[in-house]
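Paired with chain B in one complex and with chain C in the other, chain A is shared by the two complexes that follow.
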Partner chain A sequence: MAESVTSNIREPQPAPAKEARFSELAIAELEEIASHYPERKAACLPGLWIAQREYDGYLPPAAIQEVADRLGLSYSEVEGVATFYTMYNLRKRGRHHLEVCTCLTCAVKGAYEVVHKLEKELGVHVGGTTSDGEFTLSEAECLDFCGAATVMQVGDKYFTQLTPDNVKQVIDELRKSPDYTPAKLADSIVKTLLPGASETGGGSYSVEDLKNPAGPML
Partner chain B sequence: MPDNRLTQTEASLNPAVTQMVNIKIDGIELQVPKGENIIESAKRAGVDIPYFCYHPRLSKGDAANCRMCLVDVFAPRRAPDGTVSLAKMPKPQASCTLPADEGMVIVTDSEAVVRDRKGVLEFLLINHPLDCPICDRGGECPLQNNAIFYGAATSRYTEEKRHFPKAYPLAENVVFDRERCIHCARCTRFTEDISGDAQLGFLKRGADMEVGTFEHTAYKSKFSGNVIELCPVGALLSRSYRFKARPWDLHSQRSVCSKCSNGCNIKIDYRLDSLQRINGRINEAVNEEWTCDKGKFGHSYVSSEARLKTPMLKTGGEWKAIDWTEALQILVGKLRDANGSVAGIGGQRCTNEDNFAFQKLFREVLKSNDIDSRVEGYLGSVNKPLYERFGYHAMGNAIAELEDMKTILVLGSQLVDEQPIIYLRVRKAYRFKGATVINAVSSVPEDSPKVGDFAQLELVYKPGTEAALLKGILSVLSAEKLASVNGFAKGYTLEKAAEETGVSAEAIQQAARLMATGKLAIIAGREVANHANHLEVVQAIGDLAEATGNAQNINLPGEDVNSQGAADMGVLPDFAPGYAPLENPGKNTAQILQAAADGSLKVLWVAGAKLLEKFPNRELAQAAFASDTFIVVNELTMTETAQAADLVLPAASFAEKEGTFTNCERRVQRIHKAFDISLEIKPDWLIFSEVATRMGGGGGSFFSARDILKAISAQVPAYAGLTAKSLGDEGVRWNYPDK
Partner chain C sequence: MAIRNLLFEHREVAGIEEMDVYEKLGGYEGLRRAVTLERQAVIDDVKTSGLRGRGGAGFPTWIKWNGIPKNTDKPHYLICNADEGEPGTYKDRELMLKTPHLLVEGMAIAGYACLGTAGYIYIRGEYVEPAWQIRKAIDQAYKKGYLGKNIMGIEGFNYDLYVHMGAGSYECGEESALMSSLMGERGNPRLKAPHAPLPVHEGVWKSPTLVNNVETYCAAAWILKNGGAEYAKLGTERSKGTKIISVSGHIAKPANYEVEMGTPLLDLLKAAGGVTGGKLKAVIPGGSSVPIMTADKLDKINLDYESCAASGTMLGSGGFMVFNDTTDIVLLMKRTSEFYMHESCGKCTPCREGTRWLFKILDRITSGGGREGDIELLLDICSQIDGRSYCGLGDAAAWPIVGAIKAFREEFEYWIEHKRSPIGDHAVPPTPVVVNPLLTLTPA
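What follows is the complex of A and B.
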């Protein structure tokens, strides 16, 4: 879901402070990805993933500025990209982002009951984050897996055929993955774009590898 | 620097016409350039296609998103057996991005198209508040017009519309009514393609999409006013014009902006005697259709309370309003008593007619050559810097020619402030025509837009070291045999230049190599104009231009609206109109002020020159004003200079008189009178002419501005044949007779 439906800000705001948090590896990754395209603009989405990792799992204004500056784009253009895709977090979210599809098929198959059950179970409304920072609950539009409705996306995983009865099991399961964070998710996505990536996951590499590519890349 | 030049296909905004194709639009057969957008071809055929987002000067980047321009298209299709038949494209096409091709048949009036347009408008109006009765755009609104012509009479939408606070203060001069926005991307593309700051963008794309700046920061641009005119609805509004008038209550007069020497063509929209707003007027050779914010919003003084409405006399340190009879009596008395010890400074904000009358009065009636129009910059002979060597005084190029340069060197200039429209051409050359821009300047401001945002190379030199930098470039050209350099750069080394200027040797080398690749234009700004060693810097510029084969591409544009015209009209100590040398040259501005300060000058007449505000040697100017010299000033308001005078005469602004201005590229353009603020206010030429008449006439009495223009075209060779009529709406660029 979009972060807010309307913005009711009535006065222009001061310019946010800039930061430079990209590590040496992050810069090498970005440059490597940018070199695959004729225009640096094309590396905007990967750049935002890298930023989401470097900025602890979300994209504060400074992250958007850093990506824009590194790629030579305007801030508003990069913000336009970041605000379009729901997998970029514009503010800090829970460790797990639960996105329950409430589109047609899922709704017919009882998605709202799943949502209500989750609300009760987590003690937050749609859009909210639990006080322990574990979960953020959202509604999503069709996740393109209608055959297995009701569907819920959590990071890069889908949970299917959810009902009010089995959904608690899912969140209990998720709680048990102590080292999973949004930054880690971002990292795994960045890895899929770089050397050694396969259909199922990313490779591993060092700054040196990126600076002196040995063989064919993606 | 990132490269934001558009690729060749996008750059086809101005396609070099190569191939013509035959197409048919609503039964009309015509030939159009292959690849031209159908919406443009339709215009040729006289067929009207409604649109919102299409704009001929913007790239198609984000465009084709309003869908208003849908048409049915039939394209020839070749069957396997070789027979060609027409096949209808299954979906209607957006004609604003559909390239014309051989044999296409376009239908804009089918039932389907009529229905499609209705549907598109219904979608566009879903979230539109339809508050036309309180909308500034009402009456000149493309959305209103298209809705009336092509939309449904009633709405079927009964759900909630989205709402935003009205009048969000987006920029200093622009307020934003987000709920009226139809997301056409004209404003966002303007900031990206034209002004180059790319501050506006689409945020939250999707159902919640809105136009905005990064993190709701203020939109700070020098060209923000243009988006008001570009916006096809009343979403982007002028803060100063908001709720001031309805378009049908306004009268409009063609004019030329008086704020700088670029001479943008504008329309003055006014009610009775009050100026309501300034809009751009198309002149392809000058401003295309743009204005800068200084021009668009900087004219509120015209109808302001601060305007002087009667002559003012200072007696015993107090200002007293007097009438014209008395004022002229006093002035004529002083001029008579002065017996030739009179001098005049000014004219850069005055029309050619004013200036011509000014120098006539001084030379033929008062018998003094002590007049000058220059307040800043080089005060020696105007022929020295460029004319004696290259045959022109200020700009070698026309503004429009700058587009076709391969490389542009901007030297010592905050171009966007000094020459806003030249800045836009340079940006266009870069964005749409692939030019490379080099910015050499001594300080770089934070704010965008500026040349540095897109310059391939930025050379930041120590103040005052322009000549060293140029010599360094010349030494590279010579060492690498990129050009044949003769004369004084020989023996000058790259290392020396790097050390003196503080610019790295590699950067100087790169700059030199870029400049040797083809057509190069050099645009020099304030830092060069006001340089203590102006002649040396210009000499070096000349050497560089000559070495690279670009002797005709040097540009030293003046800054005031009529700096060019004032010089053309001979408001110079050593030249009569048309740069005819005088046998007994008079004093220049500095010498005149010195004479006043020394007490050897009786009367000084200042025609709109801001001496105390702008003359570099302020002590001298103050001493001149503190002396016993009787100082008379023609002004619009009580400026600092006027405050220090003895007699102030209320002069007409550009909106209250007829006449011509000559812009920095020597284009003579007409201004037209829109209104009178007060009948006690007179155009400068009339004041000079009345004084001349009272002093016995001579050649200084004129009846009208047109009368003066006739005299100008008779006496100034470059202006020969210019009449109010031949100048037309777009003006005429005069050229040196030997070119």
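What follows is the complex of A and C.
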């Protein structure tokens, strides 16, 4: 049960197994991003985003180890970063991670009612994941779209002006939709970091595109 | 009318995020004009405009720009702070989403004036949509030759612009923590002047670094296009130009409003359609970090740095939150302290421990366990945090509590004495329902 309260903290774990799950494209992306900074260490945050995508939406110790290896950092350095930022998932999340903003404006505009409605609807407490693995429910600190309170982030999308009445509709929609997974969020973030990525219109690109300065990527 | 759209001039134009539409409406003219001037003349123009940092502190922008060394012994880095996280503020989101080229242009101008090597736009991880617009704008600007090598045909004006995404940390909106985060570390703040060199001398990677807010860079683009003197015509004597105010809460038309500095606060309230759901009770004019103001004091406040300071609050980042009379200030402060407890990075003991104590005591009071002397205890803890940490997060956690006790002391006393809300059962924000974690919920 403690699990549901401190959902982003995990038990101490043994040294991770060496695993290399980065695809050729992911390695090319990491190298491109690392070239933006005078030091490779600066690519730590982007590297963790790539890892979160490659490791299916969360960062097991093996993912942290792989980022450390590829950037020439120690495991503890990268783990220190991964545990500091709330958007890096240290545990596996549901296919949709519902993060409801309950900060000031949202709270006075009824965010807690939305949260309670979601708890009832999904049958989990805040911090929990439904048994079918579809949804993880969390409270978030200010998502900074206060004018559209109550706001909920799911993957890379904001759902706005939620009320206890319309939130069921959002859940039903999400059940059917393949998008907005934690891995998709990481993928969208990685794309914003790559020069020329907008030329593909958010679509796919190849290792050659990344390396070729005359290609669709600048 | 007080609304004065400079940065938001074209926000309703369809396709303004695209290069051709933006250029047709006078886009990149600021950069064109800037490169015809000497670098110092650009900085002087910003000085003439009287522009002050729009991120919250209101530090004169030109002093930062002028502080960057005039030689390039070391590379110069420019950072745009787009890690907007202050509860109540969402202006940078709209600026990046609707007019991304304005920011790119502003950063290119700053890159020219400050001999920049590279610029980084540090965007909070949640802002994927705005970041994607910035990505598009940067790619288009490279194609047009507004970024890259020998920009606008000027030999040696090489300047790259990159996007850097955060990963969920309010603390990284603080200048020195943001620099730590950009360098791939935990977002902890660093020692500041006079104990350490200023960022303009030694910032990221021990190189001169300029850090400005999104709105500041956007305003610089406008200033270079229209001239600093034109900008200085607006506003008050010491607060020039316009400020974007994000209005939210119990208000009829929540949105971003760009107002001339010095606009009476009540005018903005009127323009936003007035309070909803009850009578006006209080306003937080500048984001959750600034002291709350009671309704009867609002007629004396104008929206500029000096007037807000004279009334005991701050203009801050412009997160303007309106509360009606169903709002319970003690519960509101409990939620505020919970935010700071969650976001304190943990580096400095007064802030790390103090924010937890503030929350625990407010939680005790609002759970019906308030004790006599709790108010004094809160004030004491606040005074122990204020000014005793590396960065301003600790101060920002203490000020709203002190402000609320000053303005609404009777509500705190009522809670402690009667163990319930002075507003009644329908107070907002509601006390979260305490659920027994051992109780299993069944899906509806």
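Following the convention adopted for this analysis, the second predicted complex is superposed on the first by the 188 of 218 C-alpha atoms of A that agree within 3 Å, B and C clash if a C-alpha of one lies under 4 Å from a C-alpha of the other, contacts with A are read in each partner's own complex, and residues count from 1 in each chain.
To be clear about the criterion, a contact is a pair of C-beta atoms (placed from the backbone, for glycine too) under 8 Å apart; a residue touches a chain by one contact, two chains touch by 3 or more.
Quick caveat: nothing in here was measured; it's all calculated off a predicted structure.
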Next on the checklist: Tell me the contact category for A:Pro16 with respect to chain B and chain C: first, second, both or neither.
Outcome noted: first
Checklist entry - In the superposed arrangement, which partner chain does A:His116 touch: chain B (first), chain C (second), both, or neither? => result second
Item to check | First, second, both or neither for A:Phe84, with chain B first and chain C second | outcome: both
Checklist entry - First (chain B), second (chain C), both or neither: which does A:Ala62 touch? => result neither
Checklist entry - If you stack the two complexes on chain A, which partner ends up touching A:Tyr75: first (chain B), second (chain C), both, or neither? => result first
Checklist outcome for this item: Winner on chain A touched-residue count between chain B and chain C: chain C
Item to check | Footprint overlap on chain A, comparing chain B with chain C | outcome: 4-5, 80, 84
Next on the checklist: Which stretch or stretches of chain A touch chain B in the complex?
Outcome noted: 2-16, 40, 61, 64-65, 71-77, 79-80, 83-84
Checklist entry - What does chain B use to touch chain A in their complex? => result 1-4, 162-165, 168-170, 188, 192, 197-208, 210, 212-219
Checklist entry - Residues of chain C touching chain A in their complex? => result 75, 84-90, 93, 118, 123-129, 131-132, 134-136, 138-140, 142-143, 160, 162-170, 181-187, 205, 246-250, 254-256, 284, 288, 319, 321, 323, 327, 332, 335-336, 339, 342-343, 345, 428-430, 432-433, 435, 437-438, 441-444
Item to check | Complex interface listing, chain A residues touching chain C | outcome: 1, 4-5, 36-39, 41-46, 48-49, 80-81, 84-88, 102-105, 107-113, 116, 119-125, 130, 141-149, 153, 156, 158, 185, 188-189, 191-193, 195-199, 202, 218
